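There are two complexes below, and they share subunit A, which is joined by subunit B in the first and by subunit C in the second.
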Partner chain A sequence: MKLKDLRGSISEFWNEFRKVKSGLVGLGIFVFFLLLLIFEPVLAPFSETNTRWRDISYWDDNPQSAYPIWVNFFSAKKYAKSSVLKDPQVSEEAFGTNRMMTYTFEYDYQYDIAPSDLILKIQGTGAAMMDLTFTRPDGETVYLTSSNLKMVEGGVSRISVDKGSKSEAYDFLGGFESRDNMRKFQRSSIKPAAILFAKAQENMLIDPEPLKGKYTIQAAILLQRPEDTISNVELVVPGRVFGLLGTDAFKRDLFSGVLAGIKWALLIGLLTAIVSVMVGVIYGVISAYLGGWKDSAMQRVFEVFNSIPLLPVLIVMSAVFKPSIWNLILIMCIFYWTGSVKTVRSMGLQIKEETFIEATRALGASNFRIIFKHIIPLIIPYSFASMALFIPGAIVYEASISLLGLGDATIVTWGQILRDAYTGGAVINGIWWWVIPPGLMIAIMGMSFAFIGFALDKILHPKLRTR
Partner chain B sequence: MYWKYVIKRVINGIVIYIILIFIFSALFNMQMEQTVRAQIDEVVKGEVMAQSTSGKWTPEQLMNWSKERKVYYTELYNLNKPVFERIVTRAVDTILFRYGKSTIIKSAFGERDVVKIIFETVPRTLLLFGTAAIIDVILGILIGIKKAQKPGKGFDKGTSIATMIVFGMPSWWLGMLMIMFFVYIIKVFPSGGMHSTPPPAGFMYHLDTLWHLTLPVLTLVIIGFWGRAFLIRNIVLSVLQDDYIMSARARGIPERKVLFGHALRTAAPPIVTMALLSLLVSVSGGILFESIFSWPGMGNLYWISVEQSDIPVLMGDLSFSTGLYICGLVILDLIYGFLDPRIKVGGKA
Partner chain C sequence: MSENIFEVKNLQKWFPVRRSMTDVLKNRLSYVKAVDGVTFNIRRGEIFGLVGESGCGKTTTGKILMKLLEPTGGQMILDGQEVTHITAERLRKYRREVQMIFQDPYASMNPRFRIRDVLEEPLLIHKVGEDHQARLQMVAKALSEVRLQPPEEFMERFPHMLSGGQRQRAATARSLILNPKFIVADEPVSMIDLSTRAEILHMMKLVQRELQLTYLYITHDLSTARYFTDTIAVMYLGRIVEMGDPDDVIDHPRHPYTMALISAVCEPVSGKVNRIKDVPIKGEVPSAQNIPQGCRFHPRCVYAKDECRNEKEPELEIVEGRHLVACRRYKEI
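Let's look at the complex of A and B:
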């Protein structure tokens, strides 16, 4: 086939395809996915999602189970956004060999629901003493913690108010809250951040009213040796909303995860569908062309493969062999190719009798040449439809295997996010932003290929067209 | 003639089943033997413990005895034979439903016989997916015929788009959403399982089952019936384009009668096949769906046996579902041949 012919047939095909609106929609969604895939490094807020998805320390600064950021548009009460305060005011005082470094952060709080935590991050070397004070707009001051820091080169010390200052917050609470309410809560079960950002009055524990305004957080660090240093002091405020899709119970940013899943879903779907349909086409054509006992034998083998319940076999093979994603794709191809054999064989039987095949044979062409050069190119266009319709199935199979916890643990797929959501209690606790996005992505990707596939089917098999 | 075809098809199915079981045995032989060895070790350890507490034997005697017992069991389970022979015996055992004993999972009566564990779950799976398939097909026929009546119009197009929207949707994901909404937000349905604990007695028992059945069946139907309607539309549409329908309409036969009497009659065989095939596919493809609803069927058994890595149950479940699947395929062919006399019985495929 010459290049010119190819271009001609493609433009002809495109003219046909353009008329089917649903097909165009499907193509549009597919292109959108491709764009997301290409721009993933730019779009993803966390650049190391692919390699450190299961590394808890990477996600430590994020809030836990935070709503998506757009929830604030729909909710009457505004949830605190997550932020990082990077430029504190620094002052230094020297007492002989001791130095007192004071870092002052200003936090403007204008929300209704308090952030979930306050985390101070310090880098440096040597040992130091640190006092953390918290000054509220109403003039109250809370001493949050005093701790000894032991810092090593390259490491980061983290001081979490939520973990370390429960006692102090409880004592602060004691000045305002009624005794009855105090008794309802244990010292260890309160949320310090919620108290610190609430108006100091009765019921502030049970029904906190937000105290808006400028808060000051002061970290006073005492360095005892001249060679000790302090650098990069940051205050992380993990809010109640985070990112486009929120975070899960392991503090991971779900938007990054969902974005990272796109390439694997596309890879699994496209590779499995293309390889298995191609195998099916070749198998069907060879079977039809050879005929006789070879055809019968090949049909028997086909029947055996066709009688295998796919998902159970996939589950058991994954459970026993623990395959990587590539092996899983291979296994799926081994069992998935049978779908297109029957139609291809019947088409092959027709084409085989055409005169041009006879002529080619008379010219002395080998069987191999006839099959691959003359018959298969005629059938390939018809197999595009079944390729597109195979893709969603392959994606769902991978997701099902992952849901069982048998997926490849070195990558991030939508099925694995759903697995984490299911085992992490997202369904019971109503963390909908953990369950809906990955599944919706599977459904939308399946839908786009269904649109494309049905459109191709309509063009290639005009019999079903509505008269 | 038909009986000849029946026998041929049944034998064909059995042969395929046997071949598949051999393939599975060969594939998973290593894993199965590891489990059996572990089980033997456990049994021997128990026996030695029992002997040592009686205090009659010296440690040396105990050691020897434990070795003897190990050899005895190794011979009993054919572990000392060559690999090929082991695979053959395993396959034969599996074909004869001798699946062995489970390592952890127990049946409702506390038995560790894999066959009993599996037989317990089969009717539950059939109940769930059977109910869903029946509702699916009834809805599918009604909507499919409506679609075929006015092809290309708004209703037809709308429902076709819905078909494609649910095309790649995992049923278990929709199940999660349904549970989240109907169980935890508006508390209408139970969160899962088949009965309340403790199960009520008498007639209430069945009502209770029905109540637990509603949500999973609803989910399956929502996912399933669009596709069913789409296929039925295509089948009925091609029938409606036949000449005899035109002549029936020309004779003034009421449209209802044309649709349900003439068209549906001819379209019945493919519809029945399709309904059965969809039941088969949904059982084999939606098995994980059960575990989301903690429905104690065969699919849930896969989940549990994977979680607890109970290999004998996993293998037994696989063999049995393969058998069921092949049974379904055979029945499908037989019904098709029975319903549609145009199928040449005994002819070449």
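Let's look at the complex of A and C:
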């Protein structure tokens, strides 16, 4: 019987809710966020985003400040995509006790803008010597680097062309570029990858033309002791575009970060709104019901809390206490509950004059019973609406606090991403994809709850449903 | 056991009026004297009718008797026990002994409660009945007492699914479920269709006889009062002006106000329907904040003389038997 009634009232409510278009839009967005939240482990390209967001080594293979991948659709010049070449051709030669392992990678380059780097990753044990050779489709060969590898079990050796082969690239450039142009650049400031993938001609540094075709990268590794081993040789090509939302200046995948921010935004918004509205509703009803000097006293207390501006308090509190997300939510609740008090009190004043309240009093009911069994159930619909309207505010406050650098640095919130964008020079360097997605997410999530709240308000407020 | 279940002596309820700053400075206090010295006795097992127009203080009197309002002065004795000012503990017991039926059956029940929950609430509050099942049986019994048949069907309904008459029956059942001695019925049929009024009153009378209850029946409707009550008291501006058996008061009214009330009753008799009645009264009810000097009815009384204006207010005096009137000139009129 009870379950049937519940289902009946839900379907009745849904029929009314369906008529408010904006509410449906808000609900749709909210459901979309919930789905993203549920499927976060599947969707996130980097599974350890939540724990290793601030661990630079985790993100090392990504390109730095790469555009989102869809930028290629809108751009006439195609940016190189990021890729990992995993299956080199291997050949082995023995010279007595020495072994020469040769790993040959083929890279088909069909873009207009060169990748940002070439990174060779080697796992193994012991010591080895390595030569890296780069052969271009036009037949030119560049010796990129010779290095000694000291490998430990479990560790990964990384050879970055961008960092280690500037000199060799400069020398290669010298064979084609004019003397005047060469003078404009210093050896240490050039980008090797941009030179390696450009047509060998004058102005190849200033206005490079892409040389498309098959490139060969050969790593020759000399192992001197029989117990030394080599395994998992990979060539990482960090492109100029990466993932759905690109990367930031610290090579982090922004899509993973934005996805990880959803749950915190929801937690902050929902928890703050639920706790503070509950406190506010109970406070407002008690104040209205008691009346007289008690009401006046409670209203003065409310006014004190109401007139303290939240943001400065949050800044001071975050500076004094350890800035954890729970502290932040607690402080927000302490100052947020006042929002619904006035409305609830006025509703309470109206409801307490109803005859059925007097009738209940005549039966001998305690104040507690009257407040919690008779008055508050009538205010619950309103409190749902006001909760929904409180959520965006809480999310924005967290973002503001994080943006000021006082947020919880152990979690990934949209505010934290914005903070990093601010300090990481996103604005100066024009990395718009670092700023817009988290900002937009804050706005969209706020909007979805605002829409739901307005719709609930429209449905529930005018009637109060007393009969 | 005394003969009177309820004795009320010189009961007063003055509501303070919000004062302006100058009033506070001049130390001027003003009150709305809603009930200004009411004395009556209610005999065990009778139906005591309190009649008067709007604003005369009859509902306030009922609420004071219900202990929903604290009296400003006077004395109340229930069953020989002083109950004018009582402790919270005594109040709990008092709430079981004295119950109320409200005027508006639409508003007197929480719209979100089923009839079952409405009726179970007093049992829960006073911790009557061992478990839910036992309480439900008591609810069913109370519903059959007020002739809501079959009780099982009505128990599951919400108040808005009942007609006005059915609701008032349910409200009556709620007041009966704790077995009170005394019930204050505040215009229980004034919001109910004329067609069902008599039915409800009949039911209330049957229940009263079965359970030996005493009612205080508050109404502005002389005709139901006459039909329903054993004693009628007519109130004007916070005071009883005439009291006695319904036959005496209605058929031989002695107070000019009672006469006016009776002549104002509509009579659906042919030949009298379209006639504008000549009611022997003038003016409007004065504010209870400014009660006239002397006899409080004199500004509206067509028989008033100087003595009525200047001399002390008349007290209730015996006309004959139980018939009392508060008019110094009743013999001349």
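Worth a mention:
To be clear about the criterion, the second predicted complex is superposed on the first by the 457 of 467 C-alpha atoms of A that agree within 3 Å, B and C clash if a C-alpha of one lies under 4 Å from a C-alpha of the other, contacts with A are read in each partner's own complex, and residues count from 1 in each chain.
Assume contacts are C-beta pairs under 8 Å (C-beta built on N, C-alpha and C of every residue); 3 or more make two chains touch, one makes a residue touch a chain.
Worth saying up front: this structure is predicted, and the values here are computed from it rather than measured.
On the shared subunit subunit A, the superposed partners subunit B and subunit C are arranged side by side without overlap. Contact with subunit C, but none with subunit B, is seen for A:E354 once the two complexes are overlaid on the shared chain. Of the two partner chains, subunit B is the only one that A:P392 touches; subunit C does not reach it.
With both structures placed on the common chain, the touch criterion links A:V313 to subunit B but leaves subunit C unconnected. Looking at the shared chain after the overlay, A:W326 reaches neither subunit B nor subunit C. The angle formed at subunit A by the C-alpha centres of subunit B and subunit C is 60 degrees to the nearest 10.
In the superposition on chain A, contact of A:V435 is made with subunit B only, not with subunit C. Touch criterion met: A:A362 reaches subunit C, while subunit B stays clear of it.
The minimum CA-CA separation between subunit B and subunit C in the overlaid arrangement is 8 Å, rounded to the whole angstrom.
Residues 466-467 of subunit A are contacted both by subunit B in one complex and by subunit C in the other.
Of all residues in subunit B, only 12-13, 16-17, 19-20, 27-28, 31, 151-152, 156, 160-161, 163-170, 172-174, 176-177, 179-180, 184-185, 234, 237-238, 241, 284-285, 287-288, 292, 302-303, 306-307, 309, 311, 314-315, 317-318, 321-322, 325-326, 329, 349 touch subunit A in the complex they form. Those residues of subunit A that touch subunit C in the complex are listed here as 1, 354-356, 358-366, 369, 374, 377-378, 465-467.
In the complex of the two chains, the subunit C residues touching subunit A come out as 66, 68, 91-92, 95-96, 99-100, 102-104, 106-112, 121-122, 125-126, 156, 160, 171, 174, 178.
Put simply, subunit A touches subunit B in their complex at residues 22, 26, 299, 303-304, 306-313, 315-317, 319-320, 389, 391-393, 395-396, 399-400, 403-406, 418, 421-422, 427-428, 430, 432, 435-436, 439, 442-443, 445-447, 449-451, 454, 463-464, 466-467.
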